[in-house]
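We just call them A, B, C, D, E and F in the order they show up, numbering each chain from 1.
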Amino acid sequence: MTRSDGRKADQLRSVRMTRGWLDNAEGSVLVEFGRTRVLCAASVTEGVPRWRKGSGLGWVTAEYAMLPRSTNTRSDRESVKGRIGGRTHEISRLVGRSLRGVIDTAALGENTVMVDCDVLQADGGTRTAAITGAYVALQDAVGWMREHGTIGSGEVLGDSVSAVSVGVVDGEPLLDLNYDEDVRAETDMNVVMTGGGTFIEVQGTAEGVPFDRAELDALLDLAGAGCGELAELQKSALAS
Amino acid sequence: MTRSDGRKADQLRSVRMTRGWLDNAEGSVLVEFGRTRVLCAASVTEGVPRWRKGSGLGWVTAEYAMLPRSTNTRSDRESVKGRIGGRTHEISRLVGRSLRGVIDTAALGENTVMVDCDVLQADGGTRTAAITGAYVALQDAVGWMREHGTIGSGEVLGDSVSAVSVGVVDGEPLLDLNYDEDVRAETDMNVVMTGGGTFIEVQGTAEGVPFDRAELDALLDLAGAGCGELAELQKSALAS
Amino acid sequence: MTRSDGRKADQLRSVRMTRGWLDNAEGSVLVEFGRTRVLCAASVTEGVPRWRKGSGLGWVTAEYAMLPRSTNTRSDRESVKGRIGGRTHEISRLVGRSLRGVIDTAALGENTVMVDCDVLQADGGTRTAAITGAYVALQDAVGWMREHGTIGSGEVLGDSVSAVSVGVVDGEPLLDLNYDEDVRAETDMNVVMTGGGTFIEVQGTAEGVPFDRAELDALLDLAGAGCGELAELQKSALAS
Amino acid sequence: MTRSDGRKADQLRSVRMTRGWLDNAEGSVLVEFGRTRVLCAASVTEGVPRWRKGSGLGWVTAEYAMLPRSTNTRSDRESVKGRIGGRTHEISRLVGRSLRGVIDTAALGENTVMVDCDVLQADGGTRTAAITGAYVALQDAVGWMREHGTIGSGEVLGDSVSAVSVGVVDGEPLLDLNYDEDVRAETDMNVVMTGGGTFIEVQGTAEGVPFDRAELDALLDLAGAGCGELAELQKSALAS
Amino acid sequence: MTRSDGRKADQLRSVRMTRGWLDNAEGSVLVEFGRTRVLCAASVTEGVPRWRKGSGLGWVTAEYAMLPRSTNTRSDRESVKGRIGGRTHEISRLVGRSLRGVIDTAALGENTVMVDCDVLQADGGTRTAAITGAYVALQDAVGWMREHGTIGSGEVLGDSVSAVSVGVVDGEPLLDLNYDEDVRAETDMNVVMTGGGTFIEVQGTAEGVPFDRAELDALLDLAGAGCGELAELQKSALAS
Amino acid sequence: MTRSDGRKADQLRSVRMTRGWLDNAEGSVLVEFGRTRVLCAASVTEGVPRWRKGSGLGWVTAEYAMLPRSTNTRSDRESVKGRIGGRTHEISRLVGRSLRGVIDTAALGENTVMVDCDVLQADGGTRTAAITGAYVALQDAVGWMREHGTIGSGEVLGDSVSAVSVGVVDGEPLLDLNYDEDVRAETDMNVVMTGGGTFIEVQGTAEGVPFDRAELDALLDLAGAGCGELAELQKSALAS
């Protein structure tokens, strides 16, 4: 089977991470997975939310949102509607958990990093691109904190974290679905992994017919390889 | 290892499903997983949401919520706060997807079933209890529709659906976590399965350290057995 | 005249109060007036709202709400609509005032009791059932506070409080209207009384034609007898 | 006992009703009960709310609100807070019910009258002044409709409606409480009556100690006389 | 050209300012520009918003709103809609900036004056009437503060501020547009000026065709003369 | 005087307009005024808002928003706060009016163009950059409509529109203020002009001391020249 954009089943789209895309943020990355384009901005503030004060531990959280015309047809702004939708909430929480899966909050001290992931253009895989870019922005924010003496020189991020979507389309497991593939997928899975190859989050959903263990295993294999590649790309981006 | 409530690692809590708990709902079940108590009410209305009109297909959706004092310490009402939290949104969507995974919307015709899952008392596993109970309430609502001639005699629910939580506590995989176990779990997974043993949804999250494939496999095995038992319990409840 | 459920004009529906229905709440009662079923949960917290700090006085307040399918046809959730309706507001305030009518806030010290009254099934008289049950839950919460040393042994609740609805249906004054009677009532009155037989609140409304003093008097007589019976039932429930 | 403003116990404050205070409203009255000043504006629109369409019946409803500096100390605007408070809701509903108590919705045809009651200055009794003024504005709006041929010449308002507050202060029943008396009242009652002397609404609340039947009776007597006077004042205002 | 109300092109409507219209506000004015009627109430509170604390500077801000039936056809309440519209926001901000343009916040000390401008009747020029009246109310509030020792005797308001609308209707520049003129205007401008004849705010908008520099100049001349007259009227009102 | 970035008083920042920045929008431009970066996306939909139906006229409107970390320190999202701030409302309305100032809505037919202006990075002049870019995006959307036969070949945009900020800093009038200049400006003015040199909107505000006619004139001259340059840059961008 050939995919509409000519990729092989186990091939990522072209991935680009442009660091320092914003002049003011402590860390920022424009991450692109093919035509999907997400701006990740990490903001450092002293102090932690009230419920965490005095713990000596830092806090990392995230907010995800889509620009109204990031999609094929325009969506109404959540600010205008006056409420955040369930999908937005769900993804914001997922990004936050993913980052907290690799950060040592004790080493962070009582500081907060908020990572904003704003989707400028959406072509499938926006949440996985967001997580992948957010890690790089967070790494840069940690670097900024170290330079500014906010934190010491100890290890803050024990491992990297990246994410990729996998899915079964026309019976075939595919890596890194674009929007057209995503809407046709029978099963859709988002996998968040560390650079070391362990799982932080696995979310698989049967869109049409339920899936069996063999399909699940095939998808996890595909995702494992994809996250491995993304971890390398993150390393290169951070080295440059 | 003995669990605080004396259960074995692969043992469900005592599960009860009381059908017809409400006099007016087309289907209703009070489902209990140990001390967790969720009231599931299925409401049938003619017609479907606007975006689905004219499709000939029905719609099933769900709303999940917790009473303010279902928990150890009281939580503020979302109605008073004026907005629904991310967790509530997330679980409502999960319950809806789970039910849509087994329903034949063509057989349902252009009718809507809304299943409300209100947690009266929470002791861990509220979302999995909600899904398990919601299926029974939905089955009763389908029965009601058949009796009232809203739908024909064709198969509407091709299979049953149930859900269970599993997690790793102190290194050991456990089935059906209660609240105390849930807060101590290193990995937490919710698994939604059909009566036939296939997956509708798998959501695993590393709460502390990331998990590896072996742990994931052990948890899926445990969940598979648990959902099998729940499917039997649903069958008995519906037979009575 | 015979009522649809066979009761006499001055007869209460079957009233049940199940104490300790929740495991965690400091006081909780499932109160039933016939098919009307309200879960009352009293939550104790140290401290009082800001405007009352330093007064040495405690605070008792209440929130009333209906589950979406407590009614014949499903109502939308107020949390989803993002705003609380006028009726909900009105009843929450009424329940709070009723409880404050019998509590000695000085004896309570600077502690707050919040009583949540959630209607699980509605068949008329939900606000009066809520008040009647809330008093019992509050009494249990006061007992809990005494056991835990939050308050001393002094009298906190000087009297009991209960409530009942009365109305004129087809020209005849009836006690404790169910839903069908309520919609047909020309005049509808909710009366909140102490165990000692004095009034805390009287709310009478002409639904159709205005009522005269004689009708008002007849309704007050009926309500007085009904509240007297309810006070006895509360006493028994608290004694058991 | 002499009241702070020199009135006798059974004496109304000086009442003024200025009709046509607004140039555009179909009916408008600036009503003053002493220093309490409420602007009542009746707006006529063709058609009725959706749930009433096709019934042949009209609809009358009301909205009550206070200007932020109508009170001694400024209150925040409900529009800025983004939600309407319970008291506002409660009074809006009361005013609407009071007007519906005297209107023949069949004679009104499928037209809607919305009466806005905005408190410009508050010195106690704002809700009763609002009802009293709203009736006059409604009468003028009905006149406007008749002139413009929106309705026929049949009787639309079968009777007048007015309201007054009564309360027990220092053990003495007083008519038409001003703000200072209101805060000191042990019992506070709002009574809505027709010109014919029957009741549309009776709302009595024990602010401090519960009240007994004798007090209730005394208050009702006082209110009956007060409403009788107000009905005369309305008649004069409408005649001028 | 004769204007519909007989005025000359450069003539203000009849302007009235009734000071002390409210009994409780520290300053209050009912300002009328023809049929436009705005109630301005200045409320003094000790302290300043959090972001200004410790600065030694005071704060002046304003809120503008329209009663629902101030207009020809009734508008829905923003409190009921749950959100403030853009126009309301815009004008509130304009009034606040205008007042801050003439106040010496150091002389005010850490006190806040909030000026509420509520439009009771709207016939064009509500925002300019609001600014003109708000200044007088503010002046009275400053007087109140001086009398009560909240501030010293130093100059707090260095100059007066007033505002007027101007516009081009049928090619002719007109001063102080009423509603009918306003809807027909090709260009609409609001000008806020000090008593000394300098500008605090100039807001010109082409409603139909864009305007050129000559038109702009003509409008500014007209506005300058109008604000001069208003400054005199303010002076007289404050002297009385 | 030299400006912090070396510009002359009457010199624009480096302006870039990148057309087609989004793959799906009918028109899109990333506009940069120095470090200020705004993404303008024009979305075409058939039909017009309800109040405009049947008029034969089209509609153009705009929404402006800032990403949370477009600024030096992060701002909270308006979607999370649940309400849109006054400044956002004000600027959205300004952009919409500016575009409507040059469009022939009859030639547009009953179609709507919504232009979203999202500030990715803010360094002063975001609203003027938004207007300048929005015009180019709108022109592209009009081209798209023409190609797709949505509209005929007639002139839709009679002229171009651009905007620039001007202000007095340390007594000197400056063109196109960046953020540091903006916060220091005594007077701040935003001017929206057509390519033909006429005005669509003039908004001048005294931030500190009021300004006189001479300053106003100097600022208008400066803005006229700046908008002239911007009109040329728009022409070049649209020609490429």
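A few points about this structure:
Quick note on the criterion: a contact is a pair of C-beta atoms (placed from the backbone, for glycine too) under 8 Å apart; a residue touches a chain by one contact, two chains touch by 3 or more.
Treat the numbers as computed from the prediction; the structure is a model and nothing was measured.
Considering the contact criterion stated above, no chain is in touch with chain A and with chain F alike.
The interface formed by C-D recurs in E-F: of the pairs listed in B-C, A-F or E-F, only this one shares over half of its residue-numbered contact pairs with it. If you average the Cα atoms of chain C and of chain F, the two centres end up 59 Å apart. Chain B and chain F have centres, each the mean of its CA atoms, that are 50 Å apart. Each of residues 82-84 in chain F touches at least two other chains. Starting at chain B and proceeding toward chain C, the closed ring of contacting chains reads B, C, D, E, F, A.
Within the complex formed with chain B, the chain A residues making contact are 83-87, 89-90, 92-93, 97, 101, 159, 189, 193-194, 196-206, 209-213, 216, 220. Within the complex formed with chain F, the chain A residues making contact are 22-25, 28, 35, 39, 41, 43, 45, 63, 65, 67-74, 77-84, 88, 114, 116, 118, 120-121, 123.
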